[in-house]
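Two complexes, one shared chain (chain A), two partners (chain B, chain C).
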Partner chain A sequence: MLGASLGAIGQGKFISKNAYISFYSSTPLEDILGESNEAVTILNAETGEIAFQALMTTFHFKRALMEEHFNENYMESTKFPKAKFNGKIEGYNSSMLNGPVSDIKVTGILSVHGVEKTLTIPAKLGLEDGKLVGSSKFKVTPENYGIKIPSLVRDKIGKEMEVTVKAYYAPFGQ
Partner chain B sequence: MNRIFAIITGLFLIIFSGNVQSQDLDALLNAETKPTVDFATATFKSTRIINGHSVEQMKKNQLEFRISHRFGTLNNGPYGLFGLDQSVIHFSLEYGLKDWLMVGAGRGSTNKTYDGFAKVRLLRQSSGEKFMPVHLSYFTSLELITLKFPARPAGTSNYFSSRLAYVSQLLIARKFNQNLSVQITPTYIHRNLVKTELDQNDIFALGGGARYKLSKRLSVNAEYFYTYNPNAKFLEPRTYNACSVGVDIETGGHVFQIMLTNSQGMREGSFIPQTTGNWLDGDIHLGFNISRVFAFNKK
Partner chain C sequence: MFFKPHADINKLKAEFKFDASGLISEFEKDENAATAKYSEKVLEINGELKSKTKMANGTDLLILEDEMQGISCQLDSSWASTNQPIIQSLEIGKSVTIKGICKGYLMEIKVSPAIVLK
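On to the complex of A and B.
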């Protein structure tokens, strides 16, 4: 029993199957917000490794046409169905999981539209009402991931997208 | 006893966690991702292939305003600016009540016709967890001709029902790959009143349409409606099968469709049984459809 309760936090793995990911761009002409509540993520409490996966088709928009263009014209979701992130928390120690939410940094590889880039992103991790929560806000530039935006709609789509991530983790295998 | 139990549990945990650790997090995530049904989306760029309906629907709470023009025939020559001196118009408002149900109402200048329609999606092409080879939709419309009745012999009368025509279509389409989509459209049209006894009240036709994407925002489309029981050839004006070619150009919230067609009417009840142009004689109309979509979602 003692072993099992120790295993709950500080070792083992944590998972969230309905993590929130959104991206947002704002221009005077149009605001674009795509949101998914179906991303999956795992955090390895022993090594501080963290991984995310999201199916492009789980992102939803206010305008149905935006969603169609997102999948058809920009992300090419049939060719590249998933976005992934595999990274590691910098200076990780397991106390980060037991304390209140505090700032951390995560370095890893973000794979979007078949293009991989190494990023270091600011994030927050810790306990919120007894639940392990991880969140992050960072910017990505679509052009860096081979996503071409034609001049015709250039004014409507921001140069940078603000990505927001939030996940409530539960012990893996429960 | 308790101590032995604790040791065994501890050993088990060490072995277990060791095992898990050696697994790649990515592989774990793959295992946790539910298998999905992948629906074929954007089979066509618009709810029309050219004149006829495609399997595409207005999604829920999305309103589309459409304006279409067909000019006169190209064989008008330079004197009539290749048909541009004359034009007919159709405009409509079309709305998605559900993702699978859209309704619309419009008015065309051909015979001063009002129309109302509904399109229901019955099946969606999908792969992955659920396999479905085609999209299947049902389209139905009612057309009301408001052109003034011609003078009648004394003692006879006109009826409101004489102004009505009914259209039913099955839309069966498959997106073969990112670029090629093909649709066949069995069609039945009933017109309550036709010009002469020799004209057909019931029309059976089979439509075929396709689009091929040249780039992400440009596609070429073609459409043909074969009528099984057209009017006899000696009836004036002679009718032909409707045949159209065009391009779709997508610019954000708009889709422009520009076409060449031998039909001037833009509703099923007019372009399927009443196309009077013959491609071989140069009775070709230049035309375009423009649409703008408005979203009425709460969020």
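On to the complex of A and C.
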């Protein structure tokens, strides 16, 4: 249960069930882009805690074969179906939810492929056309998460992946 | 194989048929077992339509059975583009049957891409 990591579901929480997440790598041989619009995220307005989860199987690629390799060979999606991030906004203040979009930092634990790492990522949070929106762009190194990339395709896949997330939050239970 | 096309949900045969509530209770009972059994499988699901929206990227989204913890179906974009009248005719609170690929459980059961059967 996703809400469990943030305590009981109730007031003072914001949710997005169709958040965007992508990862991108570019090499002279190939650009790789995997995108999902099915991530779920909850933001606790009282504490500034953020939980974000994505099912690996919801990532789409331009080529079907890439999608297959991603799930079967690299992410082992059957064994590790979800990527998770549980973090907290640094210097959190509830006014961050009511102002224009501003830069924030979020520190937390990213769990990918069954490996957990503590990260501090730059993000943006605030109101855009009256809607609460959160976004972030940061880099991850697949090898740090025990993801093995065969030497045959090593030159096609970047050492680092650029991860982009964006969520439009709505108050929970409304 | 390099240019192997994405699966066409129109042509895939459903491996399992469910009432929405039956599928939800299987995931609630044992998420890991249900994920192993149904993830990436084609399911046909009948349930009550709770919400029908268009996402910011243009994808049609149907939610069955429970708005928060039900079954979330993102419709196949090419199917949706030629079948807007069917989507428009769907009424909240009425029964709908969809066919789609189960992606697992994240607060709700994710099914995508999906098409409307009736």
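The definition used in the following text is that the second predicted complex is superposed on the first by the 163 of 174 C-alpha atoms of A that agree within 3 Å, B and C clash if a C-alpha of one lies under 4 Å from a C-alpha of the other, contacts with A are read in each partner's own complex, and residues count from 1 in each chain.
Methods note: contacts are C-beta pairs under 8 Å (C-beta built on N, C-alpha and C of every residue); 3 or more make two chains touch, one makes a residue touch a chain.
In this text the structure is predicted, and so the values were computed from the model without any measurement.
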Given the alignment on chain A, is it a clash or a fit between chain B and chain C? clash
On chain A, which partner touches more residues: chain B or chain C? B
Quick check on the superposed pair: does A:K88 touch chain B, chain C, both, or neither? Answer first, second, both or neither. neither
Is A:L152 in contact with chain B, with chain C, with both, or with neither (first, second, both, neither)? first
Of the two partner chains, chain B (first) and chain C (second), which one does A:K17 touch, if any: first, second, both, or neither? both
Based on the superposed arrangement, let me know which partner A:Y168 touches: chain B (first), chain C (second), both, or neither? second
What is the contact status of A:L65 with respect to chain B (first) and chain C (second): first, second, both, or neither? both
State whether A:T57 touches chain B only (first), chain C only (second), both chains, or neither. both
For A:N37, is the partner it touches chain B (first), chain C (second), both, or none of the two (neither)? second
Contact-wise, after the overlay, does A:K124 reach chain B, chain C, both or neither (first, second, both, neither)? neither
Name the stretch of chain B, from among 56-64, 74-82 or 236-244, that runs into chain C once the two structures are superposed. 56-64
Which residues form the common part of the chain A surface touched by chain B and by chain C? 1-3, 17, 40, 53, 55, 57, 63-65, 71, 78, 81
Note which residues of chain A are touching chain C in the complex, please. 1-3, 17-18, 20, 37-40, 53-55, 57-58, 63-65, 67, 71, 77-78, 81-82, 168, 173
Chain C contacts chain A in the complex at 1-7, 35-36, 39-40, 55-57, 59, 61, 68, 72, 74, 103-108, 110, 112
Using the touch definition up top, name the residues of chain B that touch chain A in the complex. 6, 9-10, 13, 17, 20-21, 25-26, 28-30, 32-33, 36, 38, 41-42, 58-60, 62, 96, 178, 216-217, 250-253, 293, 295, 297, 299
Which part of chain A faces chain B closely enough to touch in the complex? 1-4, 7, 11-13, 15, 17, 40-42, 44, 46-47, 49-53, 55, 57, 62-65, 68-69, 71-73, 78, 81, 84, 86, 150, 152-153, 156, 172
